[in-house]
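By letter and in written order, the chains are A, B, C and D; residue numbering begins at 1 in each of them.
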Amino acid sequence: MRSISLIGDGKVQEDSELYKVAEEVGYLIARKGYVLVCGGLFGVMEAGAKGAKKGGGLTVGILPGYETFSNPYIDIKIPTGMGQARNVLVISSSDIIVAVGGSYGTLSEIGHALKLGKEVIGYRTWEIEGIKNYETAETFLSYVDSVI
Amino acid sequence: MRSISLIGDGKVQEDSELYKVAEEVGYLIARKGYVLVCGGLFGVMEAGAKGAKKGGGLTVGILPGYETFSNPYIDIKIPTGMGQARNVLVISSSDIIVAVGGSYGTLSEIGHALKLGKEVIGYRTWEIEGIKNYETAETFLSYVDSVI
Amino acid sequence: MRSISLIGDGKVQEDSELYKVAEEVGYLIARKGYVLVCGGLFGVMEAGAKGAKKGGGLTVGILPGYETFSNPYIDIKIPTGMGQARNVLVISSSDIIVAVGGSYGTLSEIGHALKLGKEVIGYRTWEIEGIKNYETAETFLSYVDSVI
Amino acid sequence: MRSISLIGDGKVQEDSELYKVAEEVGYLIARKGYVLVCGGLFGVMEAGAKGAKKGGGLTVGILPGYETFSNPYIDIKIPTGMGQARNVLVISSSDIIVAVGGSYGTLSEIGHALKLGKEVIGYRTWEIEGIKNYETAETFLSYVDSVI
């Protein structure tokens, strides 16, 4: 099995556009036969995992604490107890990283990803040289669909 | 999904008794519906993953480097780049830890497991207070079978 | 003792402006009585540690591998074996982070720093909201001098 | 500078024999010109750091959380936020590890140390093959004195 990691805004609500786009990304990842890896918590992570389950896929959540507390769509929970350092693991787990929105945690993950030579595909996320960043949901999802 | 972590001797050969017992443990873990988590490499880790696949289960390998190099029975690879510190993750991922043989790496994992309050079930591994240790394959497998 | 962490371009040569500015930052950190924490390797890390030693200070290098290989100005070496995840430790060690130039590794550190609520002062580094970024060496060093 | 790491029982009280022996170890480490590295918290860690300061030495505490909370004898605090995984760093920082008493956390550190090929010198700690273990404070301190 191969995986794709989804990172991004951990605070978006279920009725927001970013949530819907992330859910669609998760669905695509699953339909293409990939495992979805994420940080296991909320917002974009929850949306992507929800979409992946709709697509019949498998989801992995790499959690910051030792507890198995996660969003309800995570199949395999990896509690790490490593706090911020767990961000590195979300990145090192996959060759392709998809970023939807996101704040400073996402920024750290983008840095690790580009340092490790991963492909990063972004939607309304940090404008960083080296990321393929898309401004409309349509072109973004179409590109994700084409490369995975 | 819930998981059980298998730790132990990373150097045992396919024709050894420890390899066969670990393979049987992996099979049991899968048949009972658990995901098998291990360090993803060889010896006991390979045997357990092989058994789990025979049992129709799912296997996760938490790897020490950034490469996806692992034994051939690992479904989901988590390359960490964290070296020894990846041992902590093998332990934190499950509530029950099964140890088959093992040297100093296994000892570090047993320490982390007992510190984190995990149940550790052992076969021909370190004699440490707090582990349930079995001396015959039959009683060991029977106990594993009864608690998982 | 309190520390300040210096991050930035690991490839700048000794005759570059960034090297000279980083050396000056290290000197200031030492003269103000702080310990300098860095990643222990080259470029800006070496320059800062060199400056700190000139200023009579103490330097800590948090290294990615298990070897004690570092630049020659590191007093206390912390080999971690954790690869990229050691970046988190460079950040978590101090309340004030100074960034001089830098590429993707530095970007990951800036993300972790801002996520953890650290103050980040930058010179010719990533333009990220939340960093105090200075465009001339004079204003940068003057600001560093004023806050530490 | 070179360092020696002190590990052991984090709960011993100031009036206990283990505390006194650990304090003596810290004093020796400092007098011989080494930096003392420990987990930064209490019991044996506090005793060793206290002894090192009496000996005019320098102490480093590698802490499990992101807070700088530590015993009062730590000069350089490395908060890691990595929980149990910080144990690996206490070990990887030095070539010689001294263990005084200790429970499961210490056991994990002994495992990591022996795996990484470190020399481990113990007093009333885990009986593990590969450790030089001493049964009287006198022979233990005399041996520590002779090798560092």
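In this text, a residue touches a chain if its C-beta (ideal position, glycine included) is under 8 Å from a C-beta of that chain, and two chains touch if they have at least 3 such contacts.
On a predicted model such as this, the values are computed, not experimentally measured, just so you know.
Contact tally for A-C versus B-C: the pair with more C-beta pairs in contact is A-C. Distance from subunit D peaks, on a Cα-centroid basis, for A. Look at where the CA atoms of subunit A average out and do the same for subunit C: the two points lie 30 Å apart. With centres taken as mean Cα positions, subunit C sits 40 Å from subunit B. Multi-chain contact residues of subunit D, defined as those touching 2 or more other chains: 66, 80-85, 88, 92, 116.
Per the touch definition, subunit C reaches subunit D in the complex via residues 1, 3, 35, 58, 60, 62, 66, 75-82, 88-89, 92-93, 116. Those residues of subunit B lying in contact with subunit C across their complex are 66, 80-85.
Those residues of subunit C that touch subunit A in the complex are listed here as 82-85, 87-88, 92, 103-112, 114-116, 126, 128, 130.
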